[in-house]
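After this come two complexes, each holding chain A, first together with chain B and then together with chain C.
Presenting the complex of A and B:
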């Protein structure tokens, strides 16, 4: 093997860089995302329930938001009859965010953890901004 | 123990089918809660084809135009960039000659040549912008309103090229810093999308007439073109009206009363 020394050194340097994310994070647990629900509106609610069940919202809120968008925007159907019979006004800004007024502690908590960047806030006002 | 080629293919085919079925089941259930329904709001105003009559005789001063334009631009968070190159507009004024190029002649009655027309999206019955949109971001609703889904707009500006009325504006820059007074009830747009008048669909859904109509003090009349007894049809029966560039065949839903005796 020619230049074994150089190649081995090169390999070691490469491995050091390539595995850096693993050993630098070893033993450190990243905090689990814990979305907060303690907004004034939610605290005043007698029955603390979102549009659908907690499990459904957690897993499927993105699909629900897409369906809401198409229903309201394209078909003009702005009322949603939930599976428990309640009728809910469809609006992201004027309905969802009225309760979930804590974008940083609710939306961003999981979105940052999962490294997803939904483009909601390019157009829709984040609750804090709306106040100014 | 060996397996014949024939048996192997049989088993493979069956398992393939099984996987396929379980996947469709997954897809079907995704994003759906049980027994949900979507309904239009009972309070909302409905029509077969919304239309507008603009009575330009009622617009006498600059203030009359400005009041209407401001009402629209304020509630819809329309930015003011302060330069014509980046301009975003939903409703605006234009000289008679530019608004109605084929109706112009040098012997028009006094006052008409200089009269400004109030322009906005015509919500055409045969909208060329909808035909060219590659993503179906722009579409015609069942009530005749040509609406736009900004989520889907990719900013290709085909619709701007297709619209013969210049009703569409492109956001070359982030509009947020240029909105004087934010209306928190309505979203803004973002850099890279096209926008235009939406006939106030969000107000119609609440049972309210468009903001311009409310602010116009009777200068703009809104109603159902498909209903022979509606207010717009009554006006069209008794007044001579113009539509912009009707010869292009887009069948605009906005009608203009230019001059003549005022009977209101």
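Presenting the complex of A and C:
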């Protein structure tokens, strides 16, 4: 091997980059996120149903929230026609957060796991959570 | 022809993932075994390839320069274009690796009426290449959010810088779009410039199609056919912590994306993509232009048996004298 020193330094740098995910996580066990749906308002509901189905909300809630933002704030449309025929008042503060008043245990649980930082809270107040 | 062949290879790869996951339900194979095998092939392959290269000596001192060489003290020399020492070489290599300095000098050559040979500036390849490589790097770093927990601050910072236009939700990441546009340009260039098309082989098209496939499936997955990102992270983090498991219910497009990436990783050490390591080992760039100061000895030179004139005269002196040939020593 010619220039062995330089080649080895280069390969070590390559290895350090290529295996970064492996050694930076060494011996770590990460708890899976478990968003909680046990707020008082949800518990009092007879039919526990969000605006749309659970699967839809899981995958598309960010897009729905974005559409609601555009509809309510930019076009002044305050009514949303859900896919099951219900008409729902568009309001993040009074609809979404009425039930999901547990931001830390509901929103942040998954968002911090997936390193997502939604800018909802640039404008909205985070709900005041009772300390348990 | 080459383009079509490569295109069909990528289509077949997509179909393999679709059939394997959706049809045969081989989740563990496509979610765990193939990614691990691909990453192992990538890391070992790159190392072995570089070691193989390092066994080849550089017989000649061949830096290609385009600046004044260091010579007499009152002649100003070009430290970056014609470096005389290690520091200059490092600077030159950094410009080469980070900003593609050589490609910046790329010219187009045309034969015009006359006939006249005309050279012109041609920066598009440089620009698209730079956009492609940098956005690919940023996309790669951004993906660390799936492989680390807690996610390091630099990854979060890059992510928020990348999405600072705050278009839509999930917010649009610029580098994804730039990556796809740039790689599409690099492909179209091969198709539409006749000279480039003539020298293009299937091995030139395959990485482009693979990367187009990867970028497209990634963009589709983020903005259109969403998958459960939490389950995806459970899978990827499981891979990174060597504790793999496949959560049920991840959309098939994720497996297509993962299989195309695995293919790219496994193909990497055997392909032209090894220019990632090769750029550092280019003798025309990584040697200092100091051949007038230091003698470069070809490492494979063997000791040559020589017979000097002194020895020759010693051997034949008597015969030379007899024949009347003048000799140096009596």
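Definition applied: the second predicted complex is superposed on the first by the 102 of 132 C-alpha atoms of A that agree within 3 Å, B and C clash if a C-alpha of one lies under 4 Å from a C-alpha of the other, contacts with A are read in each partner's own complex, and residues count from 1 in each chain.
The rule we apply is simple: a residue touches a chain if its C-beta (ideal position, glycine included) is under 8 Å from a C-beta of that chain, and two chains touch if they have at least 3 such contacts.
Note that the coordinates shown come from a computational prediction; the quantities given were computed from them, not determined experimentally.
Of the two partner chains placed by the overlay, only chain C lies in contact with A:2; chain B stays clear of it. Looking at the shared chain after the overlay, A:25 reaches chain C, while chain B stays out of its contact range. Using the contact criterion defined above for the overlaid structures, shared-chain residue A:60 touches chain B and also reaches chain C. In the superposed model, A:15 makes contact with chain C only, not with chain B. Of the two partner chains placed by superposition, only chain C is touched by A:118; chain B is not.
Shared contact residues on chain A (touching chain B in one structure, chain C in the other): 60, 62-63, 66, 119.
The touching residues of chain A, when paired with chain C in their complex, are 1-4, 7, 10-11, 14-15, 18-22, 24-26, 28-30, 32-33, 58-60, 62-63, 65-66, 110, 113-119. Against chain A, the residues of chain B that register as touching in their complex are 30-41, 44, 139, 141-143, 147, 149-151, 182, 184-191, 201, 205. Remark: chain C residues 39, 42-43, 46-47, 50-51, 54-58, 144-145, 147-149, 151-152, 155-156, 159-160, 166, 168-170, 226-230, 233-234, 237, 240-243, 277, 280, 299 touch chain A in the complex. On the side of chain A, the complex with chain B involves touching residues 52-53, 56, 60, 62-64, 66-67, 69, 71, 73-83, 87, 89-90, 93-94, 119, 122-125, 129-132.
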